Amino acid sequence: MSHKFSRRKFLRNSILGTGAMTLGFPALNVNAKEHKIRVGVVTSLSGANRFGGNLTRRGYDLWAEEINKLGGIEIEGERYPVEMFYGDAQSRPASGADAAERLIIQDEVDVLFGPYTSGVTLAVQPISQKYRVPMISGSAESPNVWLAKPAFNFGMIPAVDLTTDKSMMVLAENLGDRAKTASVIGVDEPFSKETAEGFRKGVEESGLDLLSYELFPAGSDLSAIVSKLKSENPDIVAIGGHEDIFINFVSTAKALNYKPKAMIMHYGVTSAAFIKETGTDSNGILGVSVWTEGLPYKDELFGTASDYSDLSFSRWGTRPDYTEAACSASGLVLQDAARRLGKAPPWDQGTRAELAKAIEDTDIETFYGPVGFAKEGNHFHNNTKPVPVVIQIKNGDVVPVAPENASKGELVYPIPGTS
Amino acid sequence: MSSAYHKAESSEYPPLAIESVSKHFGGITAVDDVSLSADVSEVVGVIGPNGSGKSTLFSLAAGGQKPDAGKIRLQGIDVTGWPTWKIARTGISRTFQIPSLFLNMSVRDNLLAAAVEGDWKRARERMESTLEMLEISHVIDNLTSELSGGQQKLVEFGRVCVRDPKVILLDEVTAGVHPNIRQIILDAIQQLRKTGITFLVIEHDMEMVKEICDRLVVMDQGKVVAEGDFETIASDSNVQQAYLGRT
Amino acid sequence: MASKPDLTPKLIVRSLLIGAMVIALVALPAAIDPYTLRIATGALMWAGLACAWNIVGGYAGYISFGHSAFFGIGAYTTAILMQSDVGASFFVTLLPAIILSMAVAVAIGGPTMRLRGAYFAIATWAFAEMLLQLVTVLDFTGGTSGLSLPAYLNEFFFYYTMLIASAASFIGVWVLIERSRFGFRIKALRDDEPAAESLGIRTNLVKVQSFALSAAITALFGSIYAYWTTYIDPYSVMGPEITDQMVVMVLLGGLGTVWGPALGGVLLWITNRYIWSTFGDTVIYLPILGVIIALVVLFLPNGLISLIMGRQRGKELISRILGKL
Amino acid sequence: MDLFLQTLVNGILIGGILICLTIGFQLTFGVLHVIDFAVGGWTMLGGYTAYWLVTLAGIDPFISIFLVFALFLLIGRGLGPLIYHVRTSRYARPDLMALAFTFGIFLFMRGGALWLWSYNSRSVESVLSGQFLSLGPVTIPLMRLSAFVMALLFSLGLFILLYRSRFGMAVRALAQNHDHAGLMGVDVKRVSAWVYGIYTALTASAGVLIATVYSVNPSVGIRYTLFAFFVAVLAGLGSVGGVLVAGLALGLLEAYVATYIGARYSLLIVFGTLYLTLLVAPKGVLGRGI
Amino acid sequence: MSNELRVDNLVTGYGKQEIVHDITASALPGHITCIFGPNGSGKSTVIKAIAGLLPAWSGRITLGDTELTGLPVHNMVRKGIVMMPQGGGVFPRFTVMENLRMGGYALNNRDITEDRIESLIADYPNLQRRRNTPAGSLSGGEQMMVAIARALVTDPAFVMLDEPSAGLSPALVHETMQRVVSLKERGVGVIMVEQNIREALPVADSVYIFAGGKRKFAGTQDDIRDDNHLMSIYMGGT
C-alpha cells in the first residue's frame, strides 16, 4: 500500500511539477480534507544512512497500515484514518530541517515521526518546536538529543548511555570470574562513539579491567586495531558501530587469525545483513538490543512481540529489529495520546500543544515493552523504561541470553575456536 | 616638447644603468659581464643572434631574473635583487618575447590593468589616448584573445606605454606584424621618446633598427661585442661573426 | 574610476531590471510560505558561497578544493561562541568568525598559493580534510557529535540576513573587482603572473588578499548557516560536498564573471530541492550534474552566463558544437 | 615487539593496496599531464564489477580481475581522446579544465553508482577471504598478501610494457616530449588514448582487490582519490617508480600511527603530512618522470 | 625532379600570429638546401610546417606527387621526411641506444632497426662507447650526433635540421657540418635552417634567405658575392 502511495505521489508530482518547476507548487498538495490524522515522517530515505532510514519508515508504515485496517485512530468513539507524508532528510541535518518545514507547511501534518539519526533529529527539533508539532522519534539514540529538553520531541528508545553500560554490567555479572579484562573500540561518529562510551562506563562500573579504549574514523583500515587487540587479548571486546563496521571487523579479525573470547556489539548485530555477510563467523557474537521478538510484551493492535515479528516479516520479508519495533510503537503512543486528548482532527497549534502534554503523560504497555517518558533530567522526554537484553547469535539465530528473566538460552563463553 | 626634455635633464642619473651584470643558468653563462646605460629619450637597439642573451638581459633589468653579479640602477637607485613589482614601480616597463597578454580580458581592461599601480585617476584618460595613438580604439571592448596577431602586439605595446614609464624595454615588438602596424609602433616610439621616455629594443627587423635606434648594442654569447650606430655596426667584423658565424 | 556613465536607454532598462529584482527579493517573504522561503534562503546562501569561491577560483585562477574549511570555521566559531557557557549573541560572533577565517587564509595562503594549478587544488583539499579531521578529534568542537545552537526560528530574519549577506557579497565583488583597481590586479594575475608583476602588481599580496576575502565571505555564510540550521557537525559544515557544490555552481554559471555564480548557485540549488521534493531523493541529481560539468567544459567553458551576457558567444557556441559533429 | 612486527606487516600490506591504486594514475599524469579526479571512481567501478561478477556469475575475483582489466581498458581507451582533447585544447587553462572535466566524470560515476546501487557496502568474496598465513608471531592475511603480490605484478607488468615493448618506448618518449615523439612517428593522440585506457584498467583492477580486502560502496571513491593523490605527490607526480616507495611509506605511516598514536588520529596525520609535503616539496620527495 | 620537396605560397604562424607570409621554396634529394635569415624571419616556422608540427594556414606542401599538406606529424617519417628539432630533440631520459631505437619506431621492425643502428653507430665511435648512457647526460655535440644518427635509422629521403649548430663550440659546429655533408653523400636530401652562415654556406647546394617571413633571396652559394652583400640582404633587405 505504501508503495502504491508513493508511486502515485511520484507520478503526480513529476507530471504536474515539471511545468511548475519549483516555487508555488504547494497548491498541488492540497488534499481533500476528510477527517484524517496527517502524520509526517522525516527520515533518511537517501544518503549515507539510507538503510536505517528505510527501516524506520517500515516501522512507521506498518503501524499506519494496521491502524487503518481498523478504520483509523479512535477518538471519542469516532475512527480517524491516518495519512502518511514523507520527507527525505538525505542523512543531512539541514535537509531534515527543510523536510520538516515542508511537511508542516505544505502537507499540514498534525504530528511528526522522527528521523533515524540523532544529528538530523537535533536539526528537526527546533522546527517541531516552532510550529508546535509533536514529534515522536522511533530511533535517535544519542543522549545529546534529550539534553536540550525538547518540549515537543519524544524518544522511544532509551539513549545508548542507558543501555550499553547496563548490558555490559549484565554480561560481566553473568560471566563472573571467567572474564576479568575488556577492551572497547568504536567508530568516531555520534551514535557509535556514545555506544563505545557506554560500554566503557559499564566496564568500569562492573569492575572489569579496561585494557584499552580506542576510537577510529569510519572507513579506516582495521588491521591496526585488530592487531592491537590481539596482542592485548582481553576477555571481552566491545564495539560501538553499525553493521558495516562489524562485518569489516569480523572479516579483518578472521584474516588476522584473531577470535576474541567474547565480542559484544550493539545495534546491527541482529540485522539480516550482518548474519548473511559474516556467515558462521557470526556464531557466538553478543549484542545489545532493547527489544527482541522473544520478549513477553503485548498490546491490542500488534499482539505479542512475536506476533509483531511475524506480521513485519510477512509485510517486508525480513525480521524486524528493535528500531522497526520502536517506530511501530511510536504509533501506539500517538494512538493512546490522541484518545486521551479526545479532540477530533485537524488539530490547531493549541491542540497540538495539548497533544504533546498528553504524550508526555504516556504510560502504556506495548509489544515493544512499557513506554513512559522522563519528565526531567538529562533524559528529558526519553522513554527510559525498556531494559536492554543481551543476545547471542547461535547458528544464525538471535537468542536472548541475559538478563535472566529474558534469557532463552545459555551464554556461550568463550566462543568456540577462540585464539 | 622642450619642457619634457627639460624635466628629464634635471635628473643627474641615467634612467637605466646596467653595470657589469652576469647571469648563469646551470653551466651556461647567459649574460657575461654586460654593462649598458641609456640616456633620457635615447632609443638603444639591442641586437644579436638567437641565444645571445638579449632577452635574459631584459629580464635582469626588469627584475624577472636576479643577476648573479653586477648592479642594475634605475634613475640612480640600486634596484638589484628587488622583486619585479617593486622594480616595475620605479618606472620600467617591458614587453615579453612570448606574448603575455591578459587573454581573458578586454583591450580596455588590459590597458587599465597596466595602469593600476600608477596614477589611477588619470588611467582611463591615458588608456583612451594610448588606444588612439595606436589606432585600436575600435576594438576597445574586444577580448584580446579575439584580436589578430598584429592587434595583440599593439595591445601589448600599449600596455607598457599606458603606465607612464621612464624606461621601456621592447622585446621583438614588431616580430611578424603587418607593415602598417609596424609603422604605428614606430611612430609611437618616436612620439613617446619626445616626452623623455628611454627605449631599449630587441629587434631583428634591421630596417626598423636603422630607422629608430640612436645607438646599437650587439650581443653575442652573452657578451657585448660591438656598440655604435648602424653603419659602424654593419661593417664591424665582430658583428659579422656574430651574425654569419665564425669559422 | 572617475567617470560618469551616460544615461543610455540600455542603462535605464538595466536599472529598471535591477530595481525590479531588488523589490522582488525584498518583497518575496510576503508572497510565499515559510517552507518556500527556506528554499529561497538556501538559494541565497549558495549564490553567496559561489560568489565567494569565484573570487579565488574564477578571478584569481586558483581552483580551491578547500573552501569547506572556511565555511566550517565560520560555522564552528559561531556555534562555539553561542554555546551557553560563552553565551555570545549571534551578531557578535560574526566578527571573530570572519577574522579567524581571514587569519587562517592569510597563514596558509602565502605558502599554498605558491603552488599552481592542480597542485594547489590538491593542497587545499588536503588542508580541508586535515581541518575536518582536527574538528572531529577536538573536544571543544563537540567532536563528531556536533554542536547545537540556541534556536532562533524566525524565517524572515534568516531570509533577510542571507539576502543582505549575499547582496553585500555580490555588490562587494562587483565594486571591488569590476569597478576598482583590485579587480584589475587580480585578473591580471590570473591571466599572466609574470606580466602582472612586470606591470608593478604585487601578485603575492594580491593572491593572499583575494584568498582572505574569499575565505571571509565563505565564513560569514558558515556562521549564518550554523545559526539557521541550529545544529552542526563536522561533515555537515566541513564535508567536501560543500566545496564541490561551490565549484560546480561557479563552473556552471561562469568562472570569473560577477553574475555567473549567482545564476549557477540559485539554479542548482532550486533544481536540487525540486528533485528532492519531487523524487524524494537527490541522488539522480549527481550523475546529471557530472554530465553537465563535462559538457560545460567541452562546449561552454564560459558557463551558462555566457549564453545570456555574451555578445557573440552564442554563435561561437553553436559553431563549436557543430564543429564537433 | 610482536606488535611492532605485525604493524610492519600491516603497513606493508596497506602499502601494496595503495601502490595498486596509484600506479596507473602516475602513468596518466606522466604522459597526459592530467590529474584525474576520477581515480577513486575507477577503483569503485572496478570493485562493483567484481561484485556483480561474483554475485551473478560466481566468478572469483582472482579471475574476474582480468575481465575487469579488459573491460576498463576499452572504456578508458574510448574516453581517452576526450581527455586528450580537453587537455590540449586552447582554453585559457587546459590543466584546470582537465581537472574540472575529470571532476565531472567522477561525479557522474559516484552519482550513477549511488543511484543504481545505493549506499550499502558490498563485500566481494574470494577463495582467499579470511585465510591467513602464520609466520612466528606475525599473521599475514592471504587476501591482503595476494593484493600486495598483485600490486607488484601490476608494477612489474607495467615496467615490462614500458621498458620492453615498442608501445612502451612510445609512451616513454611521449612522457618526455610530445612533439619529439610525434616526429619519430608516434601517433600521439592514439598512444595517449591507450595510456588512459591502461590507467583505467590498472585502477579498476586495483578496485577489485580493494573491494575484496575491504568492501565497496559508491562513496569510497573520494577517499581513494585523495589517497592516490597523496601517494602520487609523495612519489613526485608522474613518477611510476616512486610509487612503490611512496605507497609503502604511506601504508607504514598509517599503520604505525593507528597502532602507536591512535587510530583516531591516523587520517589527521595522513592529510597533514600530505599538505605539508606539498608545501615543502611540491614536485615530490622521490623520483622523477617515467 | 619527381621527388622534389616543395612548399608553395605557404602561410602559417603560431596561435594567431602570422609568421610566414606566402613563401615558396623547394629542395632536392641528395642536395643540401640551406635556409638563412635573422630571428623571426620564419625559417624554422617553415620547416615546422613541413614536418606537420604547425598547420599550414594556406598554401601547399608536396613531396613529388604526394600531397603532404595537413598530414599529421607522425605520418611524415613514414613519408620519408625526418625533422631534427633545435638541439637535436633527443629524449634525455633515454639511453643512446633507446634514442636510436626510437628513430626506427616508424619501421616497426626490430631486426631491420637493430641492423641499421649497428651499421650507423659504427661511424660514431663516441656513441659506440656510450651506448647505455642517458642522452641527457651527453654533451651538446654528442646529443647532436645521436640526433643525426637517429634521423637516419628509417633511411629517409629528407632530413630537416633546425639550427644544428646552436649552442655548439666552433670545432663541433665544423664537425656537425661534416656530418651533414655525409648525409648528402648517402643520397639524403638535407634541409638545414642555420644561423652560422659561414660554416653552412660552403656546404650548401642551394640557399634561401628569409627575412620578416618573406623570401628575400634564392640561389646558390655562388650568387652571394661577399659578406657585405650577405649583411645587406640580412639587415637591409633587398
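Letters A, B, C, D and E name the chains as they come in the text, with residue numbers starting at 1 for each one.
Note that contacts are C-beta pairs under 8 Å (C-beta built on N, C-alpha and C of every residue); 3 or more make two chains touch, one makes a residue touch a chain.
Being a predicted model, the structure only gives us computed values, none of them experimental.
> Taking a step as a move to a touching chain, how many steps at least join chain A to chain E?
2
> Could you work out which chain's C-alpha centre is the most distant one from the centre of chain B?
So the chain farthest away from chain B turns out to be A.
> If you tally contacting C-beta pairs, which comes out ahead, A-C or B-C? Let me know.
A-C
> Could you tell me the distance, in whole angstrom, between the mean C-alpha positions of chain A and chain C?
37
> With centres defined as the mean C-alpha position, give me the chain C-chain D separation in Å.
Whole-Å distance between the two chain centres: 32.
> Averaged over CA atoms, how far is the centre of chain D from the centre of chain E? Could you give it in whole Å?
That gives a centre separation of 42 Å.
> Between chain A and chain D, what is the separation of their C-alpha centroids in Å?
Spacing between the chain centres: roughly 39 Å.
> Which chain E residues reach two or more other chains?
Within chain E, no residue touches at least two other chains.
> Give the residues of chain A that touch two or more other chains, as numbers and ranges in rising order.
46, 188, 217
> Residues of chain D that touch two or more other chains: which are they?
As it turns out, chain D has residues touching two or more other chains at 92, 118, 264, 267.
> Which positions of chain B touch chain C when the two form their complex?
On the chain B side, the touching residues are 62-64, 83-86, 88-89, 93-94, 96, 100-105, 109, 112-114, 116-118, 120-121, 123-124, 159, 163.
> Across the complex, what residues on chain D touch chain E?
Touching chain E from chain D are residues 166, 169-170, 172-173, 176-177, 179-188, 288-290.
> What part of chain D is in contact with chain A in the complex they form?
So the residues of chain D touching chain A come out as 2-3, 6-7, 10, 13-14, 118-121, 123, 129-132, 134, 139, 141-144, 214-215, 219-220, 223, 254-255, 258-259, 262-264, 266-267.
> How about chain B: which of its residues touch chain E in the complex?
49-51, 99, 147-149, 152-153, 172, 175-176, 204-207, 209-210, 234-235, 240-241, 243-247
> Which residues of chain C touch chain D in the complex?
Against chain D, chain C makes touches at 61, 63, 111-112, 114-115, 117-119, 121-123, 125-127, 129-130, 133-134, 137, 191, 240, 244, 247-248, 251, 283-294, 296-298, 301.
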